[in-house]
Structure formats: C-alpha cells, structure tokens
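Multiple structures are listed underneath, in structure tokens.
After this come two complexes, each holding chain A, first together with chain B and then together with chain C.
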Partner chain A sequence: MIHLPVVKANERVFKITPEEAPTHDLRDELFQLEKEGELEVIRVPEPYMEVKTKYGRTKKIPLEKTWHHKSCGQCGHIPGYSTSIFWLNRAFGLDYYDPTDQTSCTAWNYYASATSNPEAQAAVAIRNFASAHEVGYFPLIHCGTSFGHYKEVRHALVHQHDLRRKVRDIMKKLGKKLVIPEEIVHYSEWVLAMRDRIAERQVIDMSHITATVHPACHYHKLIEEDAVYESEIYGAQRTAIVTASLQALGINVADYSSWFDCCGFGFRHILVSRDFSRSFSVQRKIEVMKEEANPDIVVTHDTGCVTTLDQSQVAGKAHNMKVGLPVMADSQVAALAMGAHPYKVLQLHWHNTDNKPFLRKLGIDVDKKWAEFQAECDLIKAGKKEYLTWEDAEK
Partner chain B sequence: MANENVLIIGGGAAGIEAAKGVSAMGYKAILVEKRDRLGGTPDEEKYAALTPDLRNTTEAFAELMAPIVDNPLVDIHYNTLITGAEGELGNFTIKALQLGKEVEFNVGSVIIATGFKHFDPGRETQKYAYYELDDVITLTDAEKMLSQHKFVRPSNGEEPKRICFIQCVGSRDRRLGNEYCSKVCCGISSKQSIEIKKLLPDCKVYIFYIDMRMYGYWENEIYWPAQEEYKVNYIKGMATEIVKKGDKVLVKGEDTTFRRPMEVEMDMVILAVGMEPSEGTKQMAKIFGVNQNKYGFIETTGGCLDTVSTNVPGVFAAGATTGPADLEDSVSAGAMAAIKALTAIRSLAVPA
Partner chain C sequence: MQQALDLRQNKYSEVSQEEKDRLFQECKDDERWHHILYGCYECGICVAACPSAKFYDFSPRLIAQSVAREDTDAIYTLMNDSVWDCSQCFSCDRCPRGNSPGQIITVMREVAVKNGLQTAKQALEGYGRIIYKIMSTGSQVSPDMLQPNAFPDWGHHVNEIADNLEVWRRALPPETLHTTETGWKVSEKTIIELYLIWHMTGVMDLIQGIDDGLHMILVDVMEERLEEAGYDIEFD
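Presenting the complex of A and B:
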C-alpha cells in the first residue's frame, strides 16, 4: 500500500462549472433572436432526457417525435446502421418519422474543401430542419458529418446577420421558414439517453466482451461544448458518448493511446489520398487497439468512422498486419443486445471485417441466422417479395 | 472622526505583510482568515520550498509571521468569512461569519488579499488526462511530495526514471480566455526540477515550454543551475495530448525547434498550472463593489505606478488578488497597501 500526499486520479474530483465555460451558451442568443423575429426555434418535444455537456450545461435529448436525418454513407455502405436505429425505436413503440424528402447535408465536400459557400450550406441545413418542423417532428441526425456541420451552421447563423438574411430569402422562395432546432441532436445521444431502457430489455449477455471506442471527430471536436460528458466516464475529461452506452450493456470499454486520433477518414484524405486514410486507420487506430487493448470489437458512432475503420482492414490484411477487429455502430450493438437479427436488422454482411467470431462469442448461432436471412433473400430472388419488411425482421 | 483601524482580508503573504506594515506604523490591523491558520496558498498547498531560493516554506513563513503573532496591534480572526460591507472611507462596517456566528468590524479602510487559486487542468478537457492518469500531477501535487522528500510515481510507488514538466497549463491560452502569463510557473518548474534531481540524480528531467520566462535574477538563480549543474533538459515544444501507453505516460506534441511532431514516453508528467482568481477574490469584489478585470482579478486603478488602489475609495487590493504574482510581488504589494490604506485614513484628518 502506497501512502502519498498526492491523490490518485480516480479520487480527483473535477467539477464542471458552466460559469467557467470559455464560450457563451448559444441557446440564449438563439431565443433572443427568436424574440426579435429573426428566426423560429424548434423546441425539443417531450418526453426528453436531460444530459450534461462538456462545460456542465444541460442538453435536452428527445426520446420521441424524432425526424430521422439519415446519412448518405450509411445508407450506401452500412444500411444496417440506420435500420438498427429504427428497429430500436420500433421495439420501444416510439413515435418517429422516416422522411423521404431529406437531402444530403453536402458537408462532406465542404469539409474536403471541394464545394459550396456558406449561404448554400446553411440553406440546405435549414431546408431539412424546416421539413422536420412542418411535419411536427424534431431532427435527429444520424450522421456525424451532418451533426458537426449543422452545429457549425447554427453557430454561423446565430452570429451573422447577413447570412440569416440571405438564407431567409432563399427559404422564402422555397416557401419555408428560417427555423433552427433548440438542440442539434445526434442519434448516439438518443442511444445514450435510452441506455438504461435498452439495458432493461437486453437479452444477450455482453459482460465478457471488451470493446474499444472511437469517438467521432465531428461529434466532439466541432463545437465541442455541445458534446455529452459525464463525471463517471473518464472523469468528464472525454466525451461519454458510446462509452456510457456500452457500459450500460455490461461491456468492458478498454482504453488505447490513439483514442483522440481521427479514424483516418479525414474527408479530404479519403477523397484525394485514400492510401493515407487506409494506412492511418490501420496503423494509428486498429493496430494500436489490438496491441494495447486487444478488444473483441470496435464501436463508434459515425458513418465515416465505421466504414473507414472496417473497410481499411482489408488493405491491412493483404499486408499481414495486425487487423481483424469487427467494427460496428453503437446502435447496432444496442439492437443486437436486445435480440435484433444480425443480418436482417444489423445487416452485418455489409461489413468487411469478419464479425462471426464476435457473434459466436455472444452465443449467437451464426449459421442459423445466416440461413434465415438467405431464406428471405431466396424469396426476393424468386420474385415472391420485393424487399424485407419489419415483420420479416422479427421472424 | 475617522476610524483608524485597517481590515485585512486574507492571511497569505500579502495579507501578513500588510498587517505587519499597519502595526509597525502604530495602527491597529484586523486580519481575518477563512482557514484556521495563516500562510495562504503556500501553506494550504504545502509548498516544499520557495522560488527562487529553495528556502523551506514553513521556516520562511514562520519568519514572515513572527512580527504579527502576539502583537497587540494585530487582531487575528481565524475561521472568518466576510459576508457584507457598507460605509465609506474612514467608516466601514464589515459583517462576517466566524464559526457560524455573526460578527462585525468597524474600520477606516480595507485591504483585500484573498489571492489566487491554481488552474484546474480538468478544464483543459481531454488534453492533460489529470483526472485519468495517476502519474499526471500538478506543480502543487509535486510540492506536497517534495515537502516529504519522497518523489515517486503515484501509480506504483516506484522512483521515476523520466519526468517532464509541461508549461503554461491554463496560462497564455486564448481559447480558455486566460491570455496572461502566470509569472511564477517557469521558475517553480525549474526549482522543482532541481529538487527532483537532488533526490533522484539518475532521473531524466525535461521541461517542455513555449518560452521560459525567468524574471530578474531567476535566470542565474534557477534557470542556468537547472541546466548546467543538474542537467535538466529544456525543450521548446507544445504538448497537445497526454495518454496512457502500457504503464507509461505518452506525451504527444510538437518540438517547435525541430519543427516536427513528437511522442515521448514518460514515467511522470508535471503540469505547470497557472493562476486564476480565488473564489474569495471574486466574492470580495462583489461585496465591496470593486471592479474586476476580464479574468476576474481585482482591477487596480493606478496602472504600474499604483498597484493596490481600487475604484472604491478606502478599499485596496494586494498580491495575487490583482493578478498573477510571485512572493516578491505579493509581499511588496502588501506593504504598499498598508501605506496606502493608512494614508487614505489620515487624509481625512487633514483640513482641506
């Protein structure tokens, strides 16, 4: 037993104080602008959960009446990511809206220095917000890129009168109002807010599972004060997102030294220097995780992160590198824990890295599940059905 | 008739020196301290030795306090918190709580010497891992260990082989809003590096700095001895992230001399935390209605020629209450505040 006059890290108590925040609470300015008739604020509908953000402020996370702003990359590369979010909403009988008139946020090209201007960027964001508001639902952003971008757009609109005027004019031509949500909410914050309810419905034991978490850069580095932090998670020194959700499921979250680094996606890199993205993802993330934590799975919460961390391992495998870690979104892990089908709902066949050993470790009969999925596919091939339905997913 | 007593709030270096000055000039000093002992932050945080002369803190403060202990012209009130004030120069009525009991002081002028608090590295969220890693400590933690002449890794009790200091933690940081230099941290880090090398001659000690600020004689007193006699390595570079790597602490950042990224493994990291206004300083500013600068320190009105007068006649501030200050500054300002406080009272007796 060491007796020192210095307390250990877990005994040091960090008090989050909103008064010492280096930034203003944007919502105060937002409501002031609403009073002045500059814009309309979309209120977070009830019921909502209050969580704490980086500087100790409170953020409202809506549990229902959510308008699901999907992700281009998710739908294109890893559709089970979004399906898992919808499956969770349906499992809890929550009122949600899956719009068909949502557009891309166009932020990927913006962050890759490839396109657009502030007015166009902001107008696209507001058009989507307005679509949600018109049907009486609140935007829930699936994509980390869109989430980060919308936070930046909101910040710019609040602080730039000229930009507001231009966007208001564009909206007028579209027959829509300049509306801005009270909170910009990422789906993983919804998972975090729902974590106890998810854990109550957990049917697959995950207490023997070790995971490493990659927090998405656009979640906790852009408008950083809007990310969720909890005293119990790394002493409120890192965002609680994903980690808190996994811990609620009994998963052991292991640390690794490159946790703060990008997944490798890098927006511009994945477009113009893809080899760099692959190398970074494998060498700075996956290999480090393997060496330092040897997890069963990597869990993250953004389209770019899941695809990059997962798909880059193919390149690493070809070079006999230390790869082979399945990568999933927190929504997929949560749905799996509640008994969602690994292929019909999670659609893990879209993932590159072999996830069967992980599923088997959870006691899931992978061959049986695959056969069930194949049977449904055979029906589609035979022209007996057009696509899988939610009823099929529950069979 | 003006009341000629002076109330001094805070029993640190500036407050003690102010009480000494007031009593030495034959006037009554009423010294109130929220703790049950004098000595201020150096005592509360158990500083091992003073910068720059490495003098034992307890001994040095005992010497500083000696003239006011058992001095009939100095009333010391421990466990006392000021709660309200009214009146004006020559006739202030100050309310306070003393161990839960309300007390009142009638004085002619007031010296606020409530000092500073150390920057909490947790506010630089996710950068320094202070709340995550046992082997990341602050200058004040290091002082506590050095005062016991034992310097080991908190994680396992073993003697460290590689240590680094990281300068400007919470200082000169525009993002946080603390754009100022805290003045003492470079000196204290250099002083501690010497103390560590004395205890652990084989330990490699590094100091990562933006630029070292060695005021006055500190250059020869601690900076050069640290390098030449004790072989401390000063590296111009910014640490941007601290993470765990095995049983080591991995410091990531940039070596700005070589203009390249760096990743170095350490057994321990010491964060050179800067200064911020204490809660007491912020509270006293509100109670007495004195102006604060944008950082929360009490604002003095005379620029560099009068470092203790405030916007409220009869209310003065001294030491780290007005901004980052070393002990030399604090003691000097305490003495100056004593003179100004008495001069202000005496000016009332002079016919116009």
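Presenting the complex of A and C:
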C-alpha cells in the first residue's frame, strides 16, 4: 500500500512565516519616500495594540485619537452601525473625532460605474487623510470597500511616481500635503483589538448564541497581506476578523461552506440590477448558513454586506426560501453585549429581517425598549426635543 | 432575460479592427495593466470563486485569456457584453498566476466609459441619480433615497423608514447624522475641495461621455457653488 504524507485538514499546522511572504512590507518604502521628501507618513498614535496579519507582519491598531472615516451606506441606510462604533468609543472614554471635513472614498461609485480614474480616486483619499492629519487624529475606516480601496490607493501611490506627482500637485493647489497613513486600519480591527476590554464590560450573556460570520471581500481579498489573521482562529487559514471578536463574547461561531463567497452586493447590481444581488445573497449565503449552521444571527463588518444580506431576505421570504436570519455588524453586537440600547444606539429599526427573536433570546424586553425609543420620537415630533442626544442614549 | 454571450467575430463586424485595437491599446496603456495580467494556467479557480459566473454567462477566465492572447475581437465583445456583469468583489484575485481579472475589468470598464460605448450607457441606465449624488454631495447614497419606488423588493419596511425619516434621523445620537440628503453632514469647504478635485482630474469628461444631460446638470450645480466660494472655474 502506498503511504502518502497526507495530514487531515483539522490536524494541519499553519506557521506564519514573514520571510516567506509573497508580498513585502510596504511601510519600508513609505518611510524611504518620506526621507526623500516625496510624502509625509501619518504615524499610528499611542496607545496602539499589535496584531498579526496574513503573513505574520505586526500591524499597529490605534485605540484612540481616531478620525472616523464614515461610510455613506452605513450612515445613510443603517446608521446604528456607525452609532455603535461611536458608542463603544464613548463607553471606554476614548478620544475620537467625528469629522464633517470628510467625503466618501467614492469607491462604491468607481467599482459600480467606472466614472472616475485613479488620479481622482487617489486625490479624494489623500484629501481625507490630510483632513485627519490637520486636526491631529489618525484615520479609522468604517467601510470595508473604503478600507480595501485605500490600501490599493496607498500601494499605487508608493509604486507609481507619476501618480504621486500628480496627486501632490493637486494637494498643493488645495493647500494640503501628500500624507499617507502608516497603516490603513478598519474599524473591525479596532473592535478585534479591543475585544478583551469589551468582554470585561459585557453585561449580556451570549454563550447560548450561535453566529455565522461573513468576512467582507474588500477586507481580505484586496491587498490580502494587510488583513488580520490569528493562528488560533481557523488555523490562520482565513481572516480572524469578526470571528475572534465574537468568540471573546462567548458566542459560538459556526462554519458554513460558502464563507468565501461574496454577499451579492456587486456595487452596481445592488442599485440597478438587484435581481442578481437578491438571488446570490439568499441562495449562496443565507440558505447555506441556515441549512449547515442554523445560526441565531449573521454578523459581518461592512456596509454592503449588512445591507445585502439583510434586505435580500424579503424577496426570499416571499418565495418560501430558507431565510429569517437577523444581520448585524460586529460593532452592534459588541455594543449590545455591553448593554447598549437596541433602538437608541443599535438603531435596529433600520434593519429589515426580524431581529426581535434574537433580542428576546438574549433576555432583552423588546417591547419595553421599543416603547422607550418611541417616547423619545414622540418628544421630537411634539417639538419638545430637537434631537436624541448621547446623554439620552446612555441613560 | 439575459442573452448568452456571443463571441462570434461577426457580432461587432461593423466596428473596424483599428478601433478595436485602439481601445485595447488604451487598456494596455493603463499603469496598472502589467501588475494585473501575467498569463493563464486555465485552472478555473477564478471562475469557481466568481459570484457573477454562477448567475450570468460570465467568465473571468475568458476575460483573462482573451486579453493575454490580445484577441481584440473577443476583447471588444467582452468590453461591450460582459464586463458589466462583474461584481467587483475580487474573489478572482485567488488566481495562482497572480492575475486580477476583476481589476482587468475595472480598466476595461473605464475605457468603455471614456469612449462612450453604447453598451456602457445602457449598463448605467438608471444609475445617473447615484452619479449625481456622489459627484455633487460626496456621499454615494443618502437616507432620502430609501423610497418604496426605488426599493420595492425591500418590502414594506422601506415605507416605514420613508414615513418616519425626519424623526428617525433626529433620533440618532451622533450630531453629524441628522441629515437626510447626505449620509452625514459635510462641510461647505469639503464639497468645494471635492469639486476642485473633479475639475483637476478630468472626471467630468467621463460623465459627459455616458450622459450629456447629467453632465450639464452637474456642471451647473458645481460651477455655481464654486463661484459662490470665489472660484472662477468652467468644466468645459
């Protein structure tokens, strides 16, 4: 009998070896370009946490002095996503900055319609980075596509002299410098870096909850070497993002076979060709999760993924498909675990798929919480209150 | 119903070989080109990973192979009849040869838009209001876009949001999120800087290539706001 040196998948050991990485650490070139006067590097401020990336590089994740690069889809259609990120920062008393001097990265439009070009895309990115630098904060990127796109832009600016020159000229005309962050950091990396501190403040038991995780394509497929990996999570065969954060809260993260598939967002498809988005999201993601893991909740970390996986289930339900899984972002689950209000903070009324059974399973009095939120809305409607404030939300 | 991809050479026989060669040359002139195309093992990993390949007559492998072979007839057909099916998720970056079919498509789409191909205009029909929003406000989608006629397949929930929009936006604790026409409050200075970037990078020419009417409206809005801010700038 021939003996083949085959090791079962669950017995394989994956060693992270930076020296064998197919890509190199871009920061060396960034700092060299800075020495040559080509650009200025925005350093990650103290205090920061160190995490490992796909090929073992150490990545710095700032804990405060963060400049929140908001997401148009999150802020526009699922605003409890960003509100939860801010709530977490406030709960820990961290210094953060929520700017009005920020535009979208405009990459959603670029990937949807191609009505832009690399020069414009890079200039938009650097204008935002410069805005953060001017007020002394470090960019923390909320959107998965902004994160992936900015990694691509940073890569292009380091390697393309002509593009660098053009963008530097544009910035000069705007009275700004060509500044590039030492690290491009996604908010979910911040959640991951903070996970033990979040778990210390956990007030809602989640040990009886099963979740499935959808890692956002533009987080781990674009410039893959900058995504966070941990040997304890999936043997470092896939990104640790979201999964590590949920496990720290005691949640059972269940596996499913189509984890690598996208959510169906498709950029232009979700806006003008949604039959594809709906079909893919339900048939390749939600139904597979339901059949193979039957989770209580789907957790992800990007604008388009939350939107597509959540909203597409309406059509699936109409066709009697296996749907009905609430979808949230990791920031919302983390805030909920720490006792955040499901409507004043998580703003779950903007989500579509019924999340009340999930909240009830956590022992939350959904009707009472909704009545509390409605009472605030009534005050606003009656003109007795202009806005719901942070103080109202943190009561 | 989507038609099957037709790669017969006579599909676009009325287009001259010189024109097809010129468009492909534009793709090759892009600085990214030589970092996203290395050849093809024909392993099919890109197709297996591709979401669009599961629902459309679409193949990232066909695109990688056609551009590697420099088959400009096939490339012209793909640029017209295939590239807009791509989801731009970059799952195809798993390619063991180092290709990025998704980025090849990004470049091909850009060339299609820049040259005003009729199929690019068709692919972007109905998308104009999004281009208007992102170019004029710096935010791709906004709360007031959540209207039942725009998202009928998202169910009654959209009606509920539309009915309560003003109050629900005021019931958001972050002060920057009280807006309805943009995702968040964007300062006037920021918008002006964005318009200056559009002007300096020539992206308005791309808009003109696919939608002349939209271009005129955008130019009017931008030139007026720039003039109010003290800039004497014309986009044409």
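We take it that the second predicted complex is superposed on the first by the 381 of 395 C-alpha atoms of A that agree within 3 Å, B and C clash if a C-alpha of one lies under 4 Å from a C-alpha of the other, contacts with A are read in each partner's own complex, and residues count from 1 in each chain.
Assume contacts are C-beta pairs under 8 Å (C-beta built on N, C-alpha and C of every residue); 3 or more make two chains touch, one makes a residue touch a chain.
Because the structure is predicted, anything quoted here is derived from the model rather than measured.
> Look at A:D392 in the shared chain and tell me whether it touches chain B only, chain C only, both, or neither; answer first, second, both or neither.
Touch partner of A:D392: chain C, not chain B.
> Touching A:F260, do we find chain B (first), chain C (second), both, or neither?
both
> Regarding the shared-chain residue A:Y219, is it in contact with chain B (first), chain C (second), both, or neither?
Touch partners of A:Y219: none, neither chain B nor chain C.
> For A:F129, using the defined touch cut-off, is the partner it touches chain B, chain C, both, or neither? Pick first, second, both or neither.
A:F129 sits against neither chain B nor chain C.
> Hey, is it chain B or chain C that touches more of chain A?
Answer, by number of touched residues of chain A: C.
> Using the touch definition from the top, say if A:A236 reaches chain B (first), chain C (second), both or neither.
Touch status of A:A236: first partner only.
> Report for A:W190: first if it touches chain B alone, second if chain C alone, otherwise both or neither.
In the superposition, A:W190 contacts neither chain B nor chain C.
> Could you tell me which stretches of chain A are touched by chain B in one complex and by chain C in the other?
In the superposed arrangement, which is not itself an observed complex, chain A uses residues 224, 260 for both chain B and chain C.
> Which residues, counting only chain A, touch chain B once they are in their complex?
2, 4-6, 8-9, 12, 14-15, 20, 22, 54, 224, 229, 234-238, 255, 257-260, 292
> Can you tell me which positions in chain A touch chain C when the two form their complex?
Checking each residue of chain A against chain C gives 70-77, 79, 82-83, 86-87, 98-104, 106, 108-120, 123-124, 127, 131, 148, 156, 160, 162-163, 170, 173-174, 217-218, 221-222, 224, 260-262, 264-269, 271-272, 274, 276, 278-280, 284, 311, 314-315, 344-345, 347, 349-350, 352, 373, 376-377, 380-381, 386-390, 392-393.
> Considering only the defined contacts, which chain B positions touch chain A in the complex?
Counting only chain B, the residues touching chain A are 46, 120, 122-123, 125-126, 129-134, 136-137, 141, 144-145, 147-148, 150, 152, 154-157, 175-177, 241, 243-246, 250.
> Which part of chain C faces chain A closely enough to touch in the complex?
31-32, 49, 51-52, 54-56, 84, 87-91, 93-94, 106, 109-110, 112-113, 120, 123-127, 130-131, 134, 138-143, 145-146, 151, 153-155, 157, 160-161, 164, 167-178, 182-187, 189-191, 193-194, 196-198, 200-203, 206-207, 210
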